[in-house]
Each structure stands twice: as C-alpha cells, then as structure tokens.
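We just call them A, B, C and D in the order they show up, numbering each chain from 1.
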Amino acid sequence: MNLSEDALKRGFKKDRYAELSNIELLTAGPGRATAKMSLHPHHLNALGTVHGGAIFTLADFTFAVACNSHGTLAVALDVSIVFMKAAITGTLWATAQEQSKNFKVGLYLVEIKDDASDLVAQFQGLAYRKKDKLPL
Amino acid sequence: MNLSEDALKRGFKKDRYAELSNIELLTAGPGRATAKMSLHPHHLNALGTVHGGAIFTLADFTFAVACNSHGTLAVALDVSIVFMKAAITGTLWATAQEQSKNFKVGLYLVEIKDDASDLVAQFQGLAYRKKDKLPL
Amino acid sequence: MNLSEDALKRGFKKDRYAELSNIELLTAGPGRATAKMSLHPHHLNALGTVHGGAIFTLADFTFAVACNSHGTLAVALDVSIVFMKAAITGTLWATAQEQSKNFKVGLYLVEIKDDASDLVAQFQGLAYRKKDKLPL
Amino acid sequence: MNLSEDALKRGFKKDRYAELSNIELLTAGPGRATAKMSLHPHHLNALGTVHGGAIFTLADFTFAVACNSHGTLAVALDVSIVFMKAAITGTLWATAQEQSKNFKVGLYLVEIKDDASDLVAQFQGLAYRKKDKLPL
C-alpha cells in the first residue's frame, strides 16, 4: 500500500547521512520524490567543486524515497550516474520518477539540477523489491 | 608526470566531503589508490544500513586519486555501481585500479569490501582526462 | 548544423549490423530518433527469448542517429542498459531522446517497448562529441 | 550444480543471434567463459567501425554462459559497458569472470580485447538468479 507524504517524510527523517549532507525531502508520493541540498564548503572535493559523492547521495536519497513509497522494502541494486556539469555553490535540486516496475525490481530516473535549471547529473537506479513491509 | 604518493596524499587532504565522511587515503600510486572509511552512525540511511551515498563517496574518492595520479586533471564522467552486500558497522576498504586509458578517458574499477573481505560494492568509473596540470 | 531526416535516413542505411538485425529507422531529427526491429527467430538466445544483444543493438542504433543528428561525429562512450521484460515475438520499438549536451559529451535516453507498450529496456547512453563533420 | 563445459557448449549452440553474429564459445566453467567473434563487414555500423551492438552481443553472450554455468537460470538485469577503442577487422576476444554472487544476483566483468590485446570494451553485468533449473 502506498505511503502518505507525511509517513515518508517522517520515516526518511531518520536518514543520518542525508542529514549530515544537508539534504531535505521536499515532496514524496507513489513512485516519486523531490529533494534539495543546500551547498556548503563541506560538500567540496579536493578540486573545489561539489563532490560526486555528495551529488550521488542527493540522488540516491530521492531514489530511496521514491522506490520505498509503495510501502514494501526496496534496496538499491545497481546505479548508473552521468555527470554533466560541475557545481560549486547554491542549491542542487533532485527529482526522482519511477519509470517501470515489476514483481522483483523497480527502475527510477533521478535528475539533479542547479539553480540555473541546468542538468548537473542524471541517475538511473534499479531497486530490488523485497516482500517485507517497510520498517519505517 | 605521475605524482608521488606524498603529493597525492597532501593534495587530497583538501577533500572536505571525504573528511566529513571519515574517509582516509591509505596508499596511492600511478593509476591506483586504496582508502578506508570507519563506519559511524552518521553513515546510516533511514533503514539503518550504510547509505549508498557513503559507499559511493568512498569509491569515488579512491577513483579520483587514481585517475588524477598522472598529474593531469581528470573528472568523473560516468559511473556504474553495483551493491552486493549491506554494511552496518566496522570499516569499509576501497581499492581502485586503472583498467585502461587513452588520450581522452580513463577507466577504473573500484572494489569496496568489508572487514570480512566480502564485496560490498563494485564501481566502474570513467574519467574525462583534461590537458590541464592538476591544480593541487 | 543539424542534418535533415532524409540525410540521416540515407546515412544510416549504411549500417550493416542494423540491417542484419532487421532494424529500420522510422523518424529522425535534432537529438531524437525512433526505430523498430521486427522480431524473427534469429534474434533469440539459447533460452528462447530475444537476445540482450539484439535489444541493445536496436537501442544503440537509435542512440547513434540521435547523437549524430547535429552533423558532427559522436561516438558511444559509456552505456547503461536495464532489462525490465523479456520479448519473444512481434516488434520492438525504440525512442531516443537527448537529455543534455555540452561541448564534449551528449546524454541520451532510449526506451525500448513491445507491442503492448510495456517497457522492455531502458538505455542511458553517453556519447563523446568530436569536432569532425559527420562522414556520412 | 555446476554444468560441464560440454553441457554449456551444447546448450549455448542454440543461441541464434550469437550464431548470426559469428560468435563462438571457446571455454566455459563455473562462473567463467571465453568466446570470440571473427569480424566481417556485416558487423559494421554506418561509420565503418564495428557496431557497439555487435561488441555488446559478444560480451553479453559470454556473460550469459558464465552466469548460467551454475545450472540455475540467470537473466541479465542491468549492464554497463564502456567503449575504449574502435575495431574494424580481425577478431574480438571476450573473457567473462564472476566477481561475486549471492542468493538473488551475480556480478560479472567481461573484457573485450582485439588482436593487439588492447581493451576494446569493458562490460559490468548484473544477473538475476532464479530458482529454476536451466532449461538447456
């Protein structure tokens, strides 16, 4: 059974690494979610741009909300991420959308954009869908 | 010109997001690097396992050292990561190894293992190789 | 300069492996293309379903048209493909759409659907954009 | 139960698309396989180089043998392929090796090399492992 936006927001408040990374869930619904990450110097890599790991974390968090929105546990299996543009300051915005699902897996696309609405990264995530009820 | 292990360690000390994530560079050389991440509750996701973003960040950091070890700037273009086993506590260990490179791109494989030497994730990273000298 | 649909169709008629695989280009324009593959027993693998290689070939062909539509040479660099549903008979339909491009790479998404409009595979393709005029 | 090399060779003789593509299985064993593809003009794309689809098919075939070698049915779920060097004539050689497996998935790496032993492509394939006995 699909979870309500409130239940998803409450459940994903427990994500400690997302919290460490300044990530905030904005909206959530069946097969979809949006989130933002306010950039801070602690997001930077040695070259002074936002770390690929921080961008991935924002995308992965949004993906996790979307693929767990149906109320049964789903875990990331395989992800492909393409980096199109570097980021340094401002805010990054993530939008996750379910592309397709079957009894065993779900496929999601997550776009990360900057304040200029330019595509920073595109994330294609495959989740394994367990039978268990989401323990959130 | 390949950078020395000392120069790479000094340069990558500036990686703020790796520092935030408890990541420590262990060894570095031409086309290769190893690093570790001591797990802490702030690495966990809402389900209580280590966040995919934290695992990716460890792999991506190790990849960045390996692909920048030749002294010219290289940036992540496209990464595929497969998650094989969940982690909760202990330490995660990353090993990055160059598979091939040409004038424009370099290909790297990063393995993430846990304390039992089980494969937690495998990361295949493609870097775009610029002509610029590494600004570290 | 973007090529016309006629020029793209004429140029891609020379694709021998697409011809061997029964692939037909349907439409083409700036950053986009559609194609179909009429299934035949020679597309099957040892298990009696359409070979992942045939599905990839259909997607890759459509991607090649879309990423070369701007008139300069583009070559596949890295592709991620997720298989969602098996196919056996009928026709497979491919739609490629540019997601983003910059001076060095272009990113494309290709959907492969069956006659029931179910998603058979999703293909995320990254092309390296050369400066050369397309030799077609 | 692992299948013998003879049983795998006999079973995969039924792969029609591999046959169409001139692919020959060379060796096979638990979690591993090697194959070759003798290049012919029908493997070429519109630009006169070997089609990415043909290279993928060779890798995917070798992966299929390796992931089905344990005697239970395994199907491709998600693949990432990186293209490092173009090919035109001669023979392409594929080597698939299991990286890790658990109850639900198996992870394989396939290298495609040309006659000069240069890496043409690297393929990271994730297979879903069913409970069914291999119907070969």
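Note that a contact is a pair of C-beta atoms (placed from the backbone, for glycine too) under 8 Å apart; a residue touches a chain by one contact, two chains touch by 3 or more.
All values derive from a computational prediction rather than experimental measurement.
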item	value
Chain separated most widely from chain D, comparing mean CA positions	A
Chain pair with the higher count of C-beta pairs in contact (A-C, B-C)	A-C
Chain C-chain D separation of Cα centroids, rounded to whole Å	21
Inter-chain centre distance, chain B versus chain C - centres from mean C-alpha coordinates, in Å	33
Chain centre separation (chain A, chain C; CA means) in Å	28
Touching two or more other chains - residue numbers and ranges from chain B	77-78, 80, 82, 105, 126
Contact graph of the chains (line, ring, star, complete, other)	complete
Footprint of chain A on chain C - complex, ascending	78, 80, 82, 84-85, 99-100, 102, 105, 107, 109, 118-119, 122, 124, 126
Residue ranges of chain D touching chain A (in the complex, touch as defined)	77-78, 80, 104-105, 126, 128
Chain D residues within the chain C interface of the complex	11-21, 41-47, 50-54, 56-58, 60-61, 64, 73, 75-83, 86, 135-136
